[in-house]
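Order of writing sets the chain letters: A, B, C and D. Residues in each chain are counted from 1.
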Amino acid sequence: MTSNNRSLDPTNLGQKNTEQKTSLLEAFTEVRRQTEQICAHLEIEDLVVQPAAYVSPPKWHLAHTSWFFDCFVLEPLNLAQTSQSPKYHYLFNSYYKSQGEHWLQSERGQLSRPTVKEIMLYRQQITGAIVDLFESNSLSKKQIEVIATGIQHEQQHQELLLMDIKFILGHQPWPAAYESVADLDKNLLPARALGWLESTENISLFGANLNAFSYDNERPRHRRWISGFQLADRLINNGEYMDFMTDGGYRRPELWLSDGWDWVQKNQMGHPLYWRKQNHHWEEYQLRGLEPLNPNLPVSHISFYEADAFARWMDARLPTEFEIEAYCSKDKALFEKETAFWDPSEAVYPSPRRACDEFDTGLLWQWTNSAYSPYPGFRTTNTALGEYNGKFMANQYVLKGGCVATPKHHMRASYRNFYRPSDRWAFTGIRLAKDL
Amino acid sequence: MTSNNRSLDPTNLGQKNTEQKTSLLEAFTEVRRQTEQICAHLEIEDLVVQPAAYVSPPKWHLAHTSWFFDCFVLEPLNLAQTSQSPKYHYLFNSYYKSQGEHWLQSERGQLSRPTVKEIMLYRQQITGAIVDLFESNSLSKKQIEVIATGIQHEQQHQELLLMDIKFILGHQPWPAAYESVADLDKNLLPARALGWLESTENISLFGANLNAFSYDNERPRHRRWISGFQLADRLINNGEYMDFMTDGGYRRPELWLSDGWDWVQKNQMGHPLYWRKQNHHWEEYQLRGLEPLNPNLPVSHISFYEADAFARWMDARLPTEFEIEAYCSKDKALFEKETAFWDPSEAVYPSPRRACDEFDTGLLWQWTNSAYSPYPGFRTTNTALGEYNGKFMANQYVLKGGCVATPKHHMRASYRNFYRPSDRWAFTGIRLAKDL
Amino acid sequence: MTSNNRSLDPTNLGQKNTEQKTSLLEAFTEVRRQTEQICAHLEIEDLVVQPAAYVSPPKWHLAHTSWFFDCFVLEPLNLAQTSQSPKYHYLFNSYYKSQGEHWLQSERGQLSRPTVKEIMLYRQQITGAIVDLFESNSLSKKQIEVIATGIQHEQQHQELLLMDIKFILGHQPWPAAYESVADLDKNLLPARALGWLESTENISLFGANLNAFSYDNERPRHRRWISGFQLADRLINNGEYMDFMTDGGYRRPELWLSDGWDWVQKNQMGHPLYWRKQNHHWEEYQLRGLEPLNPNLPVSHISFYEADAFARWMDARLPTEFEIEAYCSKDKALFEKETAFWDPSEAVYPSPRRACDEFDTGLLWQWTNSAYSPYPGFRTTNTALGEYNGKFMANQYVLKGGCVATPKHHMRASYRNFYRPSDRWAFTGIRLAKDL
Amino acid sequence: MTSNNRSLDPTNLGQKNTEQKTSLLEAFTEVRRQTEQICAHLEIEDLVVQPAAYVSPPKWHLAHTSWFFDCFVLEPLNLAQTSQSPKYHYLFNSYYKSQGEHWLQSERGQLSRPTVKEIMLYRQQITGAIVDLFESNSLSKKQIEVIATGIQHEQQHQELLLMDIKFILGHQPWPAAYESVADLDKNLLPARALGWLESTENISLFGANLNAFSYDNERPRHRRWISGFQLADRLINNGEYMDFMTDGGYRRPELWLSDGWDWVQKNQMGHPLYWRKQNHHWEEYQLRGLEPLNPNLPVSHISFYEADAFARWMDARLPTEFEIEAYCSKDKALFEKETAFWDPSEAVYPSPRRACDEFDTGLLWQWTNSAYSPYPGFRTTNTALGEYNGKFMANQYVLKGGCVATPKHHMRASYRNFYRPSDRWAFTGIRLAKDL
């Protein structure tokens, strides 16, 4: 991250002056606008349904990201927003137990009320109230931090929105197209042969620097001994994954973790989430619609179990979270040039990248073999926001790198995304590793 | 049913002439209009959600009742309606196995597409095509019968729509009001003391006459020996049901059928479906909104298990389906005067009736102790429509009489409604019986 | 039932004198001995396991039938039997809610303690105590009735024991043989062509006479109008059922009740419970071991759903409970001669009967299309025994006739056995009926 | 481990001579005897039941540990053991997919056959055949390794046997006593105040040395950077855990991982597995029977979720697997003296140890916050035994240290036990850690 674009970073809390607040306000209004833009071309019906317990109706995201500011910024200031706030507090709290009872996640799709129109009104009231706070020029350092967190939180939900929209539209019996955000570029160049980047054993620092925004789970920055390893220089593509399937990948228990095999059997798994066979030909659903399966595109929307079985079939393994992060640290110049992490352009989403890039981070979240656990010295903060990430540190795996649906400013090398090993609706892919 | 209003009956198939076809066409256009009217005041969001597997999104009813005419009238004539028909055939077939694969009932709430707008367009296309058929003056007797069945079918779905709307709006965390159809009248007069109507043993005829429309499950008309019995002269009201609850009704296994007790325990049942306790006071959700519990209203939305336990607590029992039907036959004059069965007025739904009426049939469906079984001599017809009712003749109970949500012309003494003993979302109530 | 064997009937309560008590004592000691005899040739391990929630470990039956006498005869007399009685009261009460909390049925197979040895000791203590009561010559009429009920209760459990033993041994991966009771005789003569017995419409009396033992669910004796019908003169055999399977019986939804089809799909049903295909040949497990499928034997261990689908495939239907009972009443002489109901011989189980008998009742329980409901005028008694049968009158069907595992004195024309429509572990078969 | 007792270690494969084979033979016959001894005082009924899907009937362990030698030693030599071997291969394979289909784990309790007597005969045949192999003096190095693995495997099952026996007897409604192995010593001295052992940051080696037996999951030995930490000098005791409960531990979501809170809610958890409240007093089931809860005993049979919530309540955390292993390496002299790891005595189980020992490892397995993952450089072997441990490396946590039920020679500092975070039937306890 170069110094000249640091002032553009809405979440840089280093400078505490008017300039910084101005950029935070810009970032706030921009993130609010983007979220609404994501939903703008959907039908009301698309905003309401919940086809799986882990998917949320888009209108819920619209409301929940507003509630976050209502609850953690406005309410402590006694700035009750609307007469609806008490109801919405119950309905749109996601899981913050410290904030009292909340509506069950799995039943969000039962809520026909409040309507989309009422939720959009609520959004506008909250946005207006926060803007008023900025203009009243009385924001404390603590409030600025909470607002910055709220912006990051809403960016996370922008990606969740696209995951959920893809799931909703892609699971209609006749999948519908969604045009406003690019999915994996269909014009990606043919993949080159898989190459391997090497790293000898070393001691390195991992985790977030404190001079930019980070979540609690990326801290503290700490030292680790890393054994020598090799890292694939690109993601696995659909063609390679098809070879795995053709070789009986889903029918050979010796390739799978025990829980993975149970998952395959119980759910009768046989292909990635958005593949479907029509008249003996494979198709893949992208946000832009159903397409013939493109062997050059990175394989996407696969579970940790599938990624792990594929790696075993390749006589390789999944990388640790540190191996991916270490590689970034080792060859930072490469990363700055090649990945979206450091892209200074203003595009909300990184421009679709060619599959033949040196190290194609930023296309798909990469499953690691690192269980999601606290870093040494990790502490949850003693506030409501302290519930943020730590409570999910069990039965999940870390993913690194970001994807085509991740807002540009939301990617960073220390970012730790996490999902359950059976989850497939995130934009996930496979990068292999080997011991040196 | 008096002769002078017989010609107004859209389903009377006795006269096969122009007059009859005209009244059938009127009935058809009227039933189509009514269904849309029921949905007219809802939000799009209300039309989409499915808060329980047995509830259907209202938009599904709008489509399915159109599909019925598309599939059973137009398709046999090769009058393909729209380019959507093949998709809609898959999506909006309810359970007719003879019509091929269909979308799962429990997943109707996942369908954001087709949108409400698209479904309304489909409705108009189907309605228009049927009207054209009438005007082409070429309807065969068979086609007339199918259309008459389709009208009855759509009337059934009008009641289902109101059941589902009540469930959807009533299960919002803050239940929403629905104004366009009257629920139980809150101005019903205070209930008089429970009286008993007597019938000595006799042999009577049961089931449908062939000179008016009836479903297959009401046929054939046949003779039965009926032992002497007493039948309560009104429905049980909320006050009496509250006494049952206060006396530990839900905590005393000896009052319950074994399956009923398991149902109470598993679901932690303790009150009727739409009762809720707020600040130590009982409220009841009616379509018009939440109200303080009115002890004079008939208790509604209770399961067979609850009705049966209440009857045991009263040292009574539930009537058989024949005892209710027999009583109608025995005192037909009374029935014609007092119940909605024979009400010649033009109102779509019977006017809300006073609780002190002699025999308040037409307010709530009455659970009987008759398992839903075929009548002696029952035959399913050898057509797709033959799937209609017979396949559900297991694990269900017959209900008699109709309710405030039943279209007026859809009530008749021989009508056999049926639900599972745990179902509560229909407009059900309790009438007691005793052995003589 | 002829007068000269009435005195041999342990349950005839008509004569209240020494002679009767002597025969009741003989019946009591005999039934206790028979139960133990059934278990005598099993391994301890066989007596403990519970391979399905509805199956009970045989040792549980040994204990429960003793608890019945302990709880309903000895305890009211303050004849505490053993120091174990309080524990055993909790463990071996089946479902009598009036008798307090009890161990869950589905967890009976978790009880390694008390051991078989301890339970046999308990049996002997209870048997001894009841014999002492007889010898003390002080039994009241009420106590005699309870003991007679206890004997019938234990006879019921003798059949349940054989059902459970067949399930346990037959579900071992290598099914084990059980020799001590005859299953269906493998030397049954080839079935003759299916014939039909006719009955014209009539009014008849049904239910139990009061001058012999009967359960509450057989009473009161009452009058019914019976439409004309035809009844098959023998049970359906394996060969005919195989034709149904070959014709796609399990793959054609139009043949099944809706719940039945769901049951087939969910459980992947494709053949009767004890059939298995080995190396392209069908085998059937009988208590005496696995055998090549014998097409002449009556098809057995099928569910109501299967029986109903088979009947529809045959363009017939299942009989009502009254049609079977009526036929017995109509041609009583035939029944007395041909069926086990009236067999005066002393054999515990009726001798295996030839399939070509005129009316082969007594081989397998026959599913009827009669839901298990109360007779008009049915009243539960106001005692603990009043829980006996009435509480199961929902979601079950009546079976008539008895089977090879039914103790001889336990069969009678008015007997109403009942199971859920999906149950298959009882010795069930198919008799067809048709409307006249 | 001192050099003079190394020759007593049955699993030391360093010396490949007659002496070593003799000690391996001794170890083999001893471990076979011990397994039988553990079951010797149980009733046949106790050996058969399976009260939870994850519990195995003891007779299954008796057979499976024999099958291991039959399958991996005798079969490759074409030494077919008994005519039963093919059946037993199907029944007693646990999960080795490479060995073909196997009986479902959750249905082991349905197997009444083979009987205990038949299984004991099988054991003797297998033991005899292996002894013959030794005496034929023709064991290859590979065979010796497999036999050594089989001995370790059987030792693991000895601990599983005691876990399962405790579960079976402890879940009888009146828990039964099991005398032959000591549970936690009731005479443990009162716990001293909790102290903290410190370790500054350092780089250390972890994992197994290659000159003694180890499982694949302990290898390869590798280097790690360890941050500074504090480790509690004793386990948490019942009194301290009671304080947690009294302070609302099970009712405060902020103390729990999200999955842990769901687990508490779904299973209505409120106390450790073997605690029960009787007449307002807490009791704990130990193998020797129910006892009043002893506040000085280490709290046992708790899940990872409970351990983690307790640690959060104490403002501490669970240690990593390396922190416990590192402490052992750091103060090896202490470890050798105080823990069972290095105890040279011949007792099968370590003598019950006082709670006030410096570092009471060997009493209870200690939950760590380390997800069970492969070590850097981990490779599964390319044999059937390669299925051993690696396939379980998902959704489980590592436990360190051993317990009162662990055979003495089975404990070592590098040992990695693993269970799911909700599992409680292992002998587990809590050791706390803190960041320095």
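Structure notes:
The criterion applied here is as follows: contacts are C-beta pairs under 8 Å (C-beta built on N, C-alpha and C of every residue); 3 or more make two chains touch, one makes a residue touch a chain.
In this text the structure is predicted, and so the values were computed from the model without any measurement.
Number of steps on the shortest path from chain A to chain D, with steps defined by chain touch: 1.
Centroid distances from chain C, each centroid being the mean of CA atoms, peak for A.
One simple way to say how far apart two chains are is to compare their mean CA positions; for chain B and chain D this gives 61 Å. Chain A and chain B have CA centres that are 48 Å apart. One finds 39 Å separating the Cα centroids of chain B and chain C.
Contact with two or more other chains is made by no residue of chain C.
Chain contact topology: the protein chains form a single closed ring, every chain touching exactly two others. Every pair of chains in contact is given here: A-B, A-D, B-C, C-D.
Across the complex, chain B meets chain C through its residues 95, 97-98, 201, 203, 222-225, 227, 229, 253-254, 256-261, 304-305, 308, 317, 320, 369-371, 373-374, 376-377, 387, 391-395, 421, 435.
Within the complex formed with chain C, the chain D residues making contact are 43-46, 48-51, 87, 90-91, 103, 107, 109-113, 115-116, 168-169, 171-174, 176.
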